[in-house]
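Following: one structure in structure tokens, then a few remarks.
Naming follows writing order (A, B and C), and every chain is counted from residue 1.
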Amino acid sequence: MSQIFFFKKNKSKLLDIFPNLKLKNNFFINSVKPLNIADKYDVTFLESTKYIHDAKHTKAILCITTKKLENYLPKKVDKIIVQNVLYEIARVLKKLYPSADVDTPDLSLSKPKVTEFKGVKFGNNVLVGNKVKIGKNSIIGANSIIEQKVLIGENCIIGSGCIIKNALIGNNVVIQDNCKIGQKGFGFIPLKNKNLKFPHIGRVIINNDSEIASGCTIDRGSINDTIIGSNTYLDNQVHVAHNVQIGSNCMVAGQVGFAGSSIIGNNVQIGGQAGISGHLTIGDNVKIGGGSGVVKNIEDNQTVMGYPAESIKIFLKKNKKNE
Amino acid sequence: MSQIFFFKKNKSKLLDIFPNLKLKNNFFINSVKPLNIADKYDVTFLESTKYIHDAKHTKAILCITTKKLENYLPKKVDKIIVQNVLYEIARVLKKLYPSADVDTPDLSLSKPKVTEFKGVKFGNNVLVGNKVKIGKNSIIGANSIIEQKVLIGENCIIGSGCIIKNALIGNNVVIQDNCKIGQKGFGFIPLKNKNLKFPHIGRVIINNDSEIASGCTIDRGSINDTIIGSNTYLDNQVHVAHNVQIGSNCMVAGQVGFAGSSIIGNNVQIGGQAGISGHLTIGDNVKIGGGSGVVKNIEDNQTVMGYPAESIKIFLKKNKKNE
Amino acid sequence: MSQIFFFKKNKSKLLDIFPNLKLKNNFFINSVKPLNIADKYDVTFLESTKYIHDAKHTKAILCITTKKLENYLPKKVDKIIVQNVLYEIARVLKKLYPSADVDTPDLSLSKPKVTEFKGVKFGNNVLVGNKVKIGKNSIIGANSIIEQKVLIGENCIIGSGCIIKNALIGNNVVIQDNCKIGQKGFGFIPLKNKNLKFPHIGRVIINNDSEIASGCTIDRGSINDTIIGSNTYLDNQVHVAHNVQIGSNCMVAGQVGFAGSSIIGNNVQIGGQAGISGHLTIGDNVKIGGGSGVVKNIEDNQTVMGYPAESIKIFLKKNKKNE
């Protein structure tokens, strides 16, 4: 699905943004995308050796990177060599999507018209933005806000006091009271006295049959999407940062926090108050004990615990040794 | 007090739900209750050796349990032997209370009528459901939602943006802004692709003189009630899961999380961000250090710290040894 | 700026509150202030040796303290010797500011009048109290509540579902959806069956260019103010307790919790779910690892981790030793 949530300036050419570069190709930029999904007219970027596999196979013809990393990219790719890759990407994004760096409240909100939402029930004072679509047999609780262009499937129950924006929600999804979904994540380039806010053009995608309990916050992606898999249940006060992808059939207990860009497998169980650091890969069928702090990737089928989290066997052994 | 919050089908007989069983007694089921309070026409259940004391003294005449546990029950009790006790209980509950497994927003909400709530002050846009009762001198802040049949005592202050359902609230209680009280807890039977949601027929009971700070979530009980004792204070962003019972005169600092079904004594002090695992018993006068993870029962008068939490003396000794 | 948020009884003399004392001076009390900023007609207090430096230089002429601490105060200062300093301070505050101990919802709220707020955009159902001021080009999202006398600067974006009271907010500040700012903190004198609520006469001050993400709670100060420095960014679900002061250019990740009265320097970075205990001083340029529990002061330029948090070098060494 193409980007629908953010206004995009369609006529930005590469040399408008990088006027001093000598490039083989000057073109109208389509969008900014990560290496693995970037296409011919996208701007992509390589900022860490974590992504050198994607670099090798990218379809992009232009990549922003550093002196140190440029040799991981194919020869045919034009490189823009910079000091701070994310700063330049933020700059490109701001040019293309001038309003994606701040969550301006949706001022198009109004009471839903019965004729537009057949088979949908609304509580009191619900507000919906332009072009919202909601499937039949769904219910939206009182005081909830569904901002423009959000799509909600059939048989969904959205509680009261929820705020949903920049999100695509499947069928049979339950979202309990007071969840905040789709807001900008915690992304910015730290600059003394005036940080540069990183535009967030990603979305939140919540797949079928999921349940999100009260008071959760799920930030939209910065460049990728934030994804909750099908039949995955989140308990109260869970915090899901931008670009996190959680698989199917997962169980996430109360007050768990996911830092940005981690990828969680299927059938993963996470105990209350655990924290998952950013940019990690957690395998399928992993169990993470309550209160643990996960700072490294975890292979499939592992059970971990502690801070930093380690195999439960080692954790219990250490605890014994210390007695 | 009898169950008032959930619609109950009154004509469910045991053999309608378990058609293939040979039972001494077939009867109209009253409700589902734990062993210690179940009466003659209730369905009760034994799913763990934790409850064998209650099993011995139960007044119930019918109990769902496993092959392994059946001998802990008195002979006179009819047993229904199953693989997964909680799955069967969920099935019985769903038959009796067909709407308790999902929090459908209350569509009976409307502006409170002055004549029905004498001596009560309401902020703007407050919404109340049918049969709500609020005592005199209580104040309800703007945009708050009090769902059907909720009872609130006298001299209470409910802040703005609160959502309260399935709850009984005493006198002189303060609930600060944006609390979410009485929603379904995190209970379900994990089934691939389509979990079975566990109906929650319990309530939240908040006793006199308590204070609940901003942004707390207190889930209603599944079969028991969730209880906050009198003169107990909860700080911001505390998460109280289903069936938790907290005693009187307790102090619970910010962002503490209680997993389901734990029982906390009186005069207990819990530091910020501590986590209490499920199904534990914490004694009176216990002090739990901030950030601790409690995974075992704690006797009266203990001070504990660490993860897993242990006596503070041992904690300090270990920390010293490691230096 | 003088105290503007709480109604103050202007004619309370010292001997009205402490009728049995023999004092050199009886005067109309101005306010209650900490030692370092108290002036001639303020009541001040010394309850811990942490503040003996301030005691020596205070301009106050009257101080509530204990037998044990009185000698740290200059001779010219009248001392009121008590058992429980904070209890007596709460009593004085309650006399002077009879409504600051409970957050009664603002019943003066109404729809903002266009003529009063030139250049400000409001979403649907916004409610503002008396004497609120909002600078030009600011936007307030739907369903947000701005209580009486709150000041908001120019170019601010306040999200939807926010509740702001007793707060002064600078220019270019972004506050995302569902933040709760300015409520009473977790302060009370524990008394069996009926705690004495500590009046909170402080404010929340959020300086220019800050960003507060979704679902944060920032309590107002009890006697001091709670302060967020300029260009400081807080991620989702952060909890800031009363009297906390955070410097400029700080980055605070999701679900971090600050207990009361800690002072955080400039350029401090704090990882997700870390907890900072009360009454600490954290220096400039400090980095605190995610999930850490900080229980001691930290000097400038340190990097710490663990629970209790310690130098990262020691943390890593210990972790290795335990392997």
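Assume a contact is a pair of C-beta atoms (placed from the backbone, for glycine too) under 8 Å apart; a residue touches a chain by one contact, two chains touch by 3 or more.
Predicted model, so just to flag it, every value in this text is computed and none were measured.
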item: Topology of the chain contact graph, where touching chains are joined (line, ring, star, complete, other); value: complete
item: Chain A on chain C, rotation in degrees - Cα superposition, rounded to nearest 5; value: 120
item: Self-contact between copies chain A and chain B, residue sets same or different by half; value: different
item: Mean-CA-position distance for chain B and chain A (Å); value: 33
item: Contacts with two or more other chains, residues of chain C listed in rising order; value: 125, 143, 161, 178, 215, 237, 255, 273, 307, 322
item: Of chain A, residues touching chain C in the complex; value: 102-107, 109-110, 125, 127, 143, 145, 161, 163, 178, 180, 183-184, 186, 188, 190, 192-195, 197, 215, 217, 219, 237, 239, 241, 255, 257, 259, 273, 275, 277, 293, 295, 307-308, 314, 318, 321-322
item: Contact set on chain A toward chain B in their complex; value: 121, 123-125, 139-143, 157-161, 174, 176-178, 209, 211, 213-215, 230-231, 233, 235-237, 248-249, 251, 253-255, 272-273, 290-291, 306-307, 319, 322-323
